[in-house]
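What follows is chain A paired twice: with chain B in the first complex and chain C in the second.
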Partner chain A sequence: MSESVEFTPIVFPPRVLARISPELSLQRHLSLGVRPCLRAFEEFREVETSDGNLSRYSPKCNNTNSNNILGSNVLKSGSTIVITSITGGIVEDTLSSNELQEDDGFEPKESSMGTYDKSDFATVYPVVDIERGRVGLPTDEEMIISQMLHDDIRSSGIIPKKALEVICGIRTTDRDGKPAILYPDSDDMESADLIKILSYKQTRKWNYCLYAKIKVFSRDGPLYELCWNSLMYALQTVQLPRAFVDERATDLKIPVRTRGRTATIRETYDLLCDPDQSVQLSLNKSNIAYASRCGVIDVDPDVQLPEDDDQMELDRQNTILVADLQGEAEETSITSTISVITDADGSFKSVTLIGGTSNVSPEIIKSAFRLAKKRSQDLASKIL
Partner chain B sequence: MSISVLEHVDGSSQYWTPTTSLICSVSGPIEPKARQEIPQHLAIEIIFRPASGPSTTREKLLEERIRAAVTPMVETFLHPRQLCQITFQALKSVGQYSHMELNSAINAAFLALIDAGIPLKSVFTSVTVSVDEDGRKFVNPDVNRLQTAKSVSTVAFKISTGNNTLLLLHSDGSFDESTLFGVLELAEQECVRLSKEFRKLIAEKLGKDFIWKQPANLKN
Partner chain C sequence: MNVQDRRRILGPQNAKPITFSSVRSETDAGSSTEDDNARLVEKDGQGSMFIKSGLVSNANGSSYLELNGNSHYSLLVTSVYGPRPIRGSFTSQATVSVQFKEVTLERWSSGEVMEICNFLTNVFNAVIRLERYPKSGIDIFLNLIQHSDSKKSEEDISLVSILPYCINGITLALVDAGIEVVDMVSAGRYNRNVIAFGKNGEEIVGYWQDDNEEDILNVVQKCREEYFKGRETMVNYLVSKNSDSM
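Showing the complex of A and B:
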């Protein structure tokens, strides 16, 4: 009568299944209580970090002559390597001289005036470069990470603007024809020199400007947190070279003839960087914070593996928090993410939560924050 | 806010706050370029044009954040192999702080998507909250408040009766956990209030679009 129809299930090896249906593969892994990368749900990847001896101020640096790197970091997490090198420039402030403030020191306005102003903080200008084995225009991801780093460094208030001001020295030649560079803030200064510097009215103001070049090798999952942490470590190693003008240049005035009869006088300064002396970049230490990311995924009951007899049904949650996303399956299938920049005490600098398709409850957010704080504590302990 | 402000697109809206103003247009479902086509679902393209100058990395980041909020709310599986293009043109903005623009863009996108008749899963609204040094919270802050705020958050909620879920949260500055949850609570109330305003606006639009009543000259 009726012919029997035989169904044969298609079976794929795990690697193939992960490729053609990452979501199903991920759900199957989760139902086994493990992630595709074989980590536990709330387990982060180990991070190794060093300054890589790239900076010219690094004690083991091989090349101090033509090296213009002021601070550096090499961060390794899983198979991903992030190399951050910080270089700098000096820009002249556009403020006119009478707007110059007289006060010294590095305290931001926040503590002295009692009002908090975002314009008191500076930022770095990062360029993120993710190596993919081809060259071309920067991808959206690179642009977005760079912009986020730029915005978050400013809003977190880590670099006070004061810390980037150039305290300009003067190079003098004494009677014996020996050149010496004098700085207004050095301790062992003869009184005559001190007066000389104080009487010299500085009419221009310069600021250091920091650039960060971040190179990423073997990308394996979301990168923003790795880049942020690497940049944080690198910023803490930054040494700014001292800068000076030559004595003869301090009162040099050059007449500039403009169209018509009027002639204006412009001072020119040849600002030079000291090859030997440098100062540590003074960061707002209390604002240093580290980033971590968690994903939130709903467990799909339809694709759960049948339970074995010996498997206990204890912690079968419907929504799982997954720390430190890794791999293509997790990155594409987990649409709900919580990215937190915090220090160990729970002083947050940035929180980006994307609701995605899962219902992110306050409980989930709280446990993500708890993980982020722990992670931040661990990362802070890795400072060299 | 207003709706159906442009004529040659499927849907459009204008949304303004004291600090920002922008126009949103939605075209879709339309034929995508070959590289944009996704076999299973609708592709969503988001373009943000700044108030002045060409777009930069800042706009790329804004687009990414708008996409994170809007994409999960669109019923993408109803239109496979099609494209929905959402374009924003900022008319007024406040320089480097993109919070208010993000907030306005999410709200404008919702209105324009409704106007275009793109199927949505739920109502979604967004609000920006700033917290100053004394812990006072301000909804949709002005430029000075943004400048002096200890932290600023932009929050988008998916609104459905009795079960509002968090769609997007973007906070920066310096803040602690209790502040953040306080902001979320306030933002949820504001989002619900805003969704009621949207409802009124959409009702007005429908009233204008369709002639529900029989025209007077056809009576009898």
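Showing the complex of A and C:
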């Protein structure tokens, strides 16, 4: 029995290793001082952004007669492309008609800045669609991102409710049969028209609501931050069309019978939007913030490559902060993440810390915040 | 039917979509009569096609087309997933599916979209060498990012006008994915007829007819001209791309 058993080590090319053991591949990369995507630890992906000419108000738009997109953005980060288009709807506000009567005149109410009452702020209704080569219902990820965007936009106080109120005009037809649209806040208004609008306005109130459709191509890592940033850019391009009712419709009343006994008179208005005139959506500029995500990973000393002699003295970091996670290996192996929405001055809108398996020290969190602020400053400078 | 979609955030129920008044429509009147002239100008080389492939990194193959005519402007992203294993029983050849989606504006009903998808599935069933890929599925996704036509009103823009682009886009995406095809297929449109050709214009692989007023030989002739142009552009792109990468 003199047979000897030989062990031959199996060698995999890097791509195969990354596939079968992402954790090991990531650790090996980290021990070399780079990441699998070849970025440095604290390096973010470059972001390119434009409005993509999708909106009816973008300067090169050539289908203004049919386009109902009010604001848009195309964001490219690495190979990932996020296309956001914002459309609008008009919703009738039935509860606040009493409140409106107290609010005489058209001067905008003093916005209640500083006090972050959620009810003062509106949000958008996002639907995220990630291209993944499958058909069917939205995935968990899509639903979670949509819900988070919806909640975070409201809680960060970017869109004041006041900004979405419809200041309704009236379309009148003069003696020559030429239609003209009169708005209550325009300067050259005849007082008679103003009164007419005033008396009419007190009965009804409308608000715009904004829908965001977010399409993602080439998903490559966590997406929430990219979607948020794209939505942020898109919101800043939104123009709200002026809305008006037709003169003839202002005193139209239709009886509505509800449950037999109570008969109410219901006025119906056909609210139309002006194809030419629009106003910029007035966002709470000070609350505009951008998102970034960092991951924290412990370096496993067992899988470190053998060090050279001259490197022996160097005290190696054993917990690494990795900015802007990308790729399957980083996404699956880095379980501790810090997701921050902030502006350049560090007024944080949302901070999500997930403990995961790594030791997240206060120093790490501090440097993550520092990175997030820098990133936010960089992203804010990209606005067109 | 009171089925609420609980997976998407739909917004307030009583919201109405923004409708723009048609004050401006007077200026657009008479555009339909100019339509044929516009097409002729386009044929004289005014229209341009920008191609890029491999844009969608997690698909097996993809293409991006930017089509710029003198009145219309379209962006189309096509991605091909496959050949990938399918579940279920053994199949001797690949199954092809085509999905069409509008990324931004939504203007066509799902019935119309389904018809187009079926048509494209039939075309590419004939073009892809299915017998080379047993037990697999090839899924093709068309994403129309933008399609605008300054000359036409919303109702007049038909899906047929982008059908040739879909065929070009799918062909390029299939090439990018390395899926075997019988030939580079392209298509031409004449009014509301679209004909897809292969084999140097001698074989018709798909014929979409929406009006039968035209003389069929005339239609074939007109579409073939566009086919040659489209194919030439695609081949030039692929050749230049390959020579760049060498």
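The criterion applied here is as follows: the second predicted complex is superposed on the first by the 340 of 384 C-alpha atoms of A that agree within 3 Å, B and C clash if a C-alpha of one lies under 4 Å from a C-alpha of the other, contacts with A are read in each partner's own complex, and residues count from 1 in each chain.
Going forward, a contact is a pair of C-beta atoms (placed from the backbone, for glycine too) under 8 Å apart; a residue touches a chain by one contact, two chains touch by 3 or more.
Keep in mind that what you see is a predicted model, and the values were worked out from it rather than measured.
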*Overlaying on chain A: chain B and chain C, fit or clash?*
fit
*Once the two complexes are overlaid, how big is the angle at chain A between chain B and chain C (Cα centres, nearest 10°)?*
120
*Using the touch definition from the top, say if A:T319 reaches chain B (first), chain C (second), both or neither.*
neither
*asked:* Going by the contact rule set out at the top, does A:Q304 touch chain B (first), chain C (second), both, or neither?
replied: neither
_Applying the document's definition of touch, where does A:M143 land relative to chain B and chain C: first, second, both, or neither?_
both
*Looking at chain A, does chain C or chain B touch more of its residues?*
C
*Have a look at where A:L353 lands relative to chain B and chain C in the superposition and call it first, second, both or neither.*
first
*Touch check for A:Q277: first (chain B), second (chain C), both, or neither?*
neither
*Once the structures are superposed on A, label A:I83 by its partner contacts, choosing first (chain B), second (chain C), both or neither.*
second
*For A:S31, is the partner it touches chain B (first), chain C (second), both, or none of the two (neither)?*
neither
_With both complexes superposed on chain A, which partner does A:S66 reach: first (chain B), second (chain C), both or neither?_
second
*Determine, under the contact definition given at the top, whether A:V127 touches first (chain B), second (chain C), both, or neither.*
second
*With both complexes overlaid on chain A, what's the closest CA-to-CA approach of chain B to chain C, in Å?*
5
*Across the two complexes, find the residues of chain A that touch chain B and also touch chain C.*
143, 146-147
*chain C-touching residues of chain A, taken from the complex the two chains share*: 52-54, 61-63, 65-70, 72, 79, 81, 83, 85, 87-92, 125-127, 129, 131-135, 137-138, 143, 146-147, 150, 171, 179, 208-209, 211, 213, 215, 217-220, 241, 243-244, 271-276
*asked:* Quick check on the complex: what are the chain A residues that touch chain B?
replied: 114-119, 140, 143-144, 146-148, 151-152, 155-157, 287, 335, 346-357, 359-360, 362, 366, 369
*Quick one: which bits of chain B touch chain A in the complex? Just the residue numbers, please.*
57-58, 60-61, 64, 68-69, 72, 98, 132-133, 146-153, 156, 158, 165-177, 180-181, 184
*Please name which positions on chain C make contact with chain A in the complex.*
7-12, 14-25, 28, 55-59, 71, 73, 77, 79, 81, 99, 103-105, 107, 139, 141, 143, 145-146, 148-150, 153-154, 157
